[in-house]
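Listed below are the structures to be examined.
Next, two complexes with chain A in common: one pairs it with chain B, the other with chain C.
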Partner chain A sequence: MSGSWMTTRAWLLMLPLLVVMVSVIGWPLVDTVRLSFTDAKLVGTEGNFVGFDNYAKMLSGSNFQRTLVTTTWFAVISVAAEMVLGVLAALLLNQQFRGRTLLRALMILPWALPTVVNATLWRLIYNPEYGALNAALTQIGLLDAYRSWLGEPNTALAALIVADCWKNFPLVALIALAALQAVPRDITAASMVDGAGPLARFRFVILPYLVGPLLVALVLRTIEAFKVFDIIWVMTRGGPANSTRTLSILVYQEAFSFQRAGSGASLALIVTLLVTVLAVAYAALVRKAAGSTA
Partner chain B sequence: MERKSPLFTVFVYASALLLAIVILAPVLWLFVMSISPAADLSAKPLRWWPQEVDFSRYAMLLSTAENSAGAAFVASLWNSLRIAGMATIAAIALAIPAGWAVSRTPQVGWSLSVVIATYMLPPVALSVPLYMGLAWLGLLNNIFGLALVYLTILAPFTTWLMKSGFDSIPREIESAAMIDGASLFQTLRIITLPLAAPVMATSALFALLLAWDEFFYALLFTSDLRAKTLTVAIADLAGGRVSDYGLIATAGVLAALPPVLIGLVMQRALISGLTSGGVKG
Partner chain C sequence: MLKSFSRMLLGAALIGAAFVPQAFAETSINALFMAQAAYSEADVRAMSEAFTKANPDIKVNLEFVPYEGLHDKTVLAQGSGGYDVVLFDVIWPAEYASNNVLVDVSSRITDDMKKGVLPGAWTTVNYDGKSYGMPWILDTKYLFYNKEILEKAGIQNPPKTWDELAEQAKIIKDKGLLATPISWSWSQAEAAICDYTTLVSAYGGEFLKDGKPAFQSGGGLDALNYMVTSYTSGLTNPNSKEFLEEDVRKVFQNGEAAFALNWTYMYNMANDPKDSKVAGKVGVVPAPGVAGKSEVSAVNGSMGLGITTASKNPDEAWKFITFMTSQATQNQYAKLSLPIWASSYEDPAVTKGQEELIAAAKIGLAAMYPRPTTPKYQELSTALQQAIQESLLGQAKPEDALKGAAENSGL
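Now for the complex of A and B:
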């Protein structure tokens, strides 16, 4: 069979997927770009061409800048905590102990819990009047009076980060565990014979096996955290006093609550650009790490 | 084998216990709330275990009596099932030919890379035109419309999984069948697809989980019981004026049950999927 017929056949087989992808992803993306240069409303008016007005307005607005800072905090702290907790949990699960298989199976639980259910669960735990966190902390004497964890601007973001970490660190742990199990036993044994202590062993023997998979997890989690919407919407809707408002929440408010499709679209594209920069930077990082450990 | 000191063993068991508590406590508390009488949940000091176990909320939510909390819950459950089911079937139907084509003809692989790259697009970048498009088609607040939108998430993912699945089936088996006179269609149907059945099942389960979990598009594109999904219904409950927190917890347990069961059953596939993703990027 000739190569060109093979290629034509392959394109024909891919056609249904490509048609659907162009209509539900390609076209909307292009149309978002078009809308971002107009003052269109979500319903009704088509809008007029306004050039870069939307971008200028959004980028210079204090809302965007503050939201960018909040999103960055959320992403950096939650992903960093997930990485550290994930690796620690994986190191533990890589030890021999009774009940290890069961514990490893339990790690699936937070991952499998739907995001909205997780958010709802933590919202109940943080409840200012009847929540389990207030009850537990006062009963063991760490807290004098009940607090409104999600209702105070200085604790709300931290409370959200805890809820997000709880759901996502087990995934990092499972990825790291799979990588740990690929470390050949004789290499760790040899390093011990050579007198390497636990820390040196982790740094020079185990870490090289972890770097690749962990970087991938880091990329994916950072991009996810930057796009975060669900958990915040359910727990705080961006409040109190906009202290937990992230970029996706801001786009939602602009485009759907205020129905300003044009400026909402420009904001959405700014977010897309930021995510793309992250993805490209990380892809380069992953390639470099893969090159240095291989 | 390395000899571990007793102190180290104690440390390992203490850490394992701590990890188990961290993982289990929130989930168990969700379940305990769902079976505690309302009075216990608002008691101070809080009762950590119900005086009387009360399963009545499960019956309440799963009842279909007119205008009850149950009717709304069951309707959204049914919507979620239908939307996730339709989107999964459509995604797999698109993924099988496309995944096979890319697996056997690497020259077209770049187009799949483009499709997969869209996976990192924030949904907000597509949401406004999708809203306008669905409105124009009359598909807002419609389960078919939402299932169509879910293909933005499910189709790239399932195609990538199916492609890796086909990669592991040797193409020599296919050529042998073709030499014996089978057409391409027969070869795929008789030889390749049965061998790819496990991957297909894994992809379908992943797709179901993704669709079941989705919230953002469902929040934007549905408005009442005709299309509202379970995630939106639960967010409504959590954000609304429901005074019985146990009822919210019960809805959460019921919504979490299918994905948790799937997750526990397909642990192995899940972990190998994660790690192959980790290796291949």
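Now for the complex of A and C:
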């Protein structure tokens, strides 16, 4: 069979998918780009061409810079914590012990929960008047009085990160656990005979098998964390005093609350661009890692 | 191939035809309500069932969202023609009218309606001389107080001025009855603006002057200063800055607040022994005034029902609205929200068992102060919410925060 027929066949087989992708992702994207150069309102006017005005206004506004910082903090800390927690959980669940299957199944639960449910749940835990966290911390003596976790700027973002981690570390754990199955037993056994301690075993024997899959998890989680909206919208709506307002919330406010579809679209595209840059950088990393282990 | 295709079409047509008679017999309208304050979801469902019983040819699909989602959901659904009837807040008609979201129903409003409904209620639905719906929830924020705690503190009468409120709260705090006696809904949301507006009206402030922000000085600034002082002096529950109305209600019902600002619905809920620890001890008066400036204060927190421009059944939608806002319906469900009809306030069937609330309503509703009427309300409100929270948190001085809000208000 000739190569060109293979290529044609591949394209033919992908055609239905491509048609769907172009119509549900491609076309809205193109329309968003068009919108971003107009002063269109969400309802009513179609808008006039305004060039790069929207972009200039959005990028120079203090709101954008502040929310970019908030979003970056949120993404960096929550993804880092999820990676560490996820790997630790995977290592534990890779051990032989009774009840392992049950624990593996239970670990998936937070991740399987809809984000809105998760957010509501954590809002109840953090409740300043009758929340479980306040009760637990005061009863063991760590706290003198109940605190308003989501009402103080210095704790609100941290509280959100904890809630986000709890929901998302199982994904990392799941990917890491799958990768651990590929580690050959004879190599770990041999390293033990050679006298490698647990840390050295992890660093030199297990980690090389984890790097590739973990990079994939890192890419997925970073992109998701950068786009975070629902968990924050339910828990703080960006408050107090906008200290937890992320880029997606800013886009939502601009486009839907204030109904400025034009500048909202430009802001959304700026966020898309940022995420794309991240994704491309990561993809290069993944390729490099894959090349070095192969 | 072609033949089998045409046979398939025929089959589809037949299946379609089988459904048609039913579709003609029943018009279905979609209505959007809120699941928060005022009429409960159960009340709205019961009213709607009564309507369908009287109009078996109209089917009503109800949907409930939190207040925070009501505006955005309404606007977003316009593109897909989602709702026929929507509940809207008093602050939205300007924007909805400018953006062609609601239908002008001025010609549908009858003389009986015009005569029977309290004059102040119409401000809820009017913009630029036209009516965009019927008022439905007539509401303002009242001052609720815990009679038992005031009695223990030796306080004879609830406060008449905001300064007096602070003094009484101080007595309660000093006597050790409650660490933080006052509860508000100061979360970064519209709720905070409602509390702020109440104070602005007390201090004789103004939001806009000739279309430009005017809240940065005078009464607008005094109002925010009062909030900040009340917060920093420890008289206000510090958790207020993450409270919505429902949180305030829970705190008050647990007996953990001596004073609370909230809507009508809290009166009968807090007086329900099944759910509340303070049943029978709930006092309600109009929100206080400021010596030399006002007797009482009140925010216009009313809401109306309107027909969207996307509706294909405006007549059925209006029929539904007429039923929901009728005096008979409103009198029957007058526990969580009071009627828009003037004569209802003299009707023993309505007033019985809630005489205190009715007395407060007669004064409070007459004093209702509007939030600014502008198509850019959402932006203004968002900027003010930020200013209020920054001031409470000590991130900015009230005057600077309000100046910033004026610049970011888009006006």
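As a working rule, the second predicted complex is superposed on the first by the 273 of 294 C-alpha atoms of A that agree within 3 Å, B and C clash if a C-alpha of one lies under 4 Å from a C-alpha of the other, contacts with A are read in each partner's own complex, and residues count from 1 in each chain.
Here is the rule we go by: contacts are C-beta pairs under 8 Å (C-beta built on N, C-alpha and C of every residue); 3 or more make two chains touch, one makes a residue touch a chain.
Computed from a prediction, not measured in an experiment: that's the story for all the values here.
Q: Mind working out whether A:Phe258 is in touch with chain B, chain C, both or neither, as first, second, both or neither?
A: second
Q: For A:Pro213, using the defined touch cut-off, is the partner it touches chain B, chain C, both, or neither? Pick first, second, both or neither.
A: A:Pro213: touches chain B, not chain C.
Q: With the two complexes superposed on chain A, say which partner A:Leu160 touches: chain B (first), chain C (second), both, or neither.
A: So A:Leu160 meets neither chain B nor chain C here.
Q: A:Leu150 contacts which: chain B (first), chain C (second), both, neither?
A: Second partner only, chain C.
Q: Which chain, chain B or chain C, is in touch with more residues of chain A?
A: B
Q: Please work out whether A:Val79 is in contact with chain B alone, chain C alone, both, or neither, and reply first, second, both or neither.
A: The answer is neither, since A:Val79 touches no partner chain.
Q: Touch test for A:Pro240: chain B only (first), chain C only (second), both, or neither?
A: The second partner, chain C, only.
Q: Could you tell me if A:Leu42 is touching chain B, chain C, both of them or neither one (first, second, both, neither)?
A: both
Q: Hey, what residues of chain A end up touching chain B and chain C alike?
A: The overlap between the chain B and chain C interfaces on chain A comprises residues 42-43, 129, 237, 256.
Q: Over in the complex, which chain C residues touch chain A? Could you list them?
A: 68, 71-72, 75-76, 78-79, 95, 98-101, 187-189, 238-239, 241-242, 247, 250-251, 254, 256, 376, 378-379, 382, 385-386, 389-390, 392-393, 395, 410
Q: Note which residues of chain B are touching chain A in the complex, please.
A: 2, 9, 12-13, 15-16, 19-20, 22-24, 26-27, 29-30, 33, 41-42, 44-46, 93-95, 97-98, 100-102, 104-105, 107-108, 111-112, 115, 118, 120-133, 135, 148-149, 151-152, 155-156, 159, 184, 209, 212-213, 215-216, 219-220, 231, 234-235, 237-239, 245, 248-249, 252, 255-256, 259-260, 262-264, 267, 270-272, 274-275, 277-279, 281
Q: Going by the contact rule at the top, pick out the chain A residues touching chain C in the complex.
A: The touching residues are 41-44, 128-129, 146, 148, 150-153, 236-242, 253, 256-259.
Q: In their shared complex, at which residues does chain A touch chain B?
A: 6-7, 9-11, 13-14, 16-18, 20-21, 24-25, 27-29, 31-32, 35, 42-43, 89, 92, 95, 97, 99-100, 103, 105-117, 119-125, 127, 129-130, 132, 135, 138-139, 166, 170-171, 174-175, 178-179, 189, 192, 212-213, 216-217, 223, 226-227, 229-230, 233-234, 237, 247-248, 251-252, 255-256, 261, 264-265, 267-269, 271-272, 275-276, 279, 283, 286
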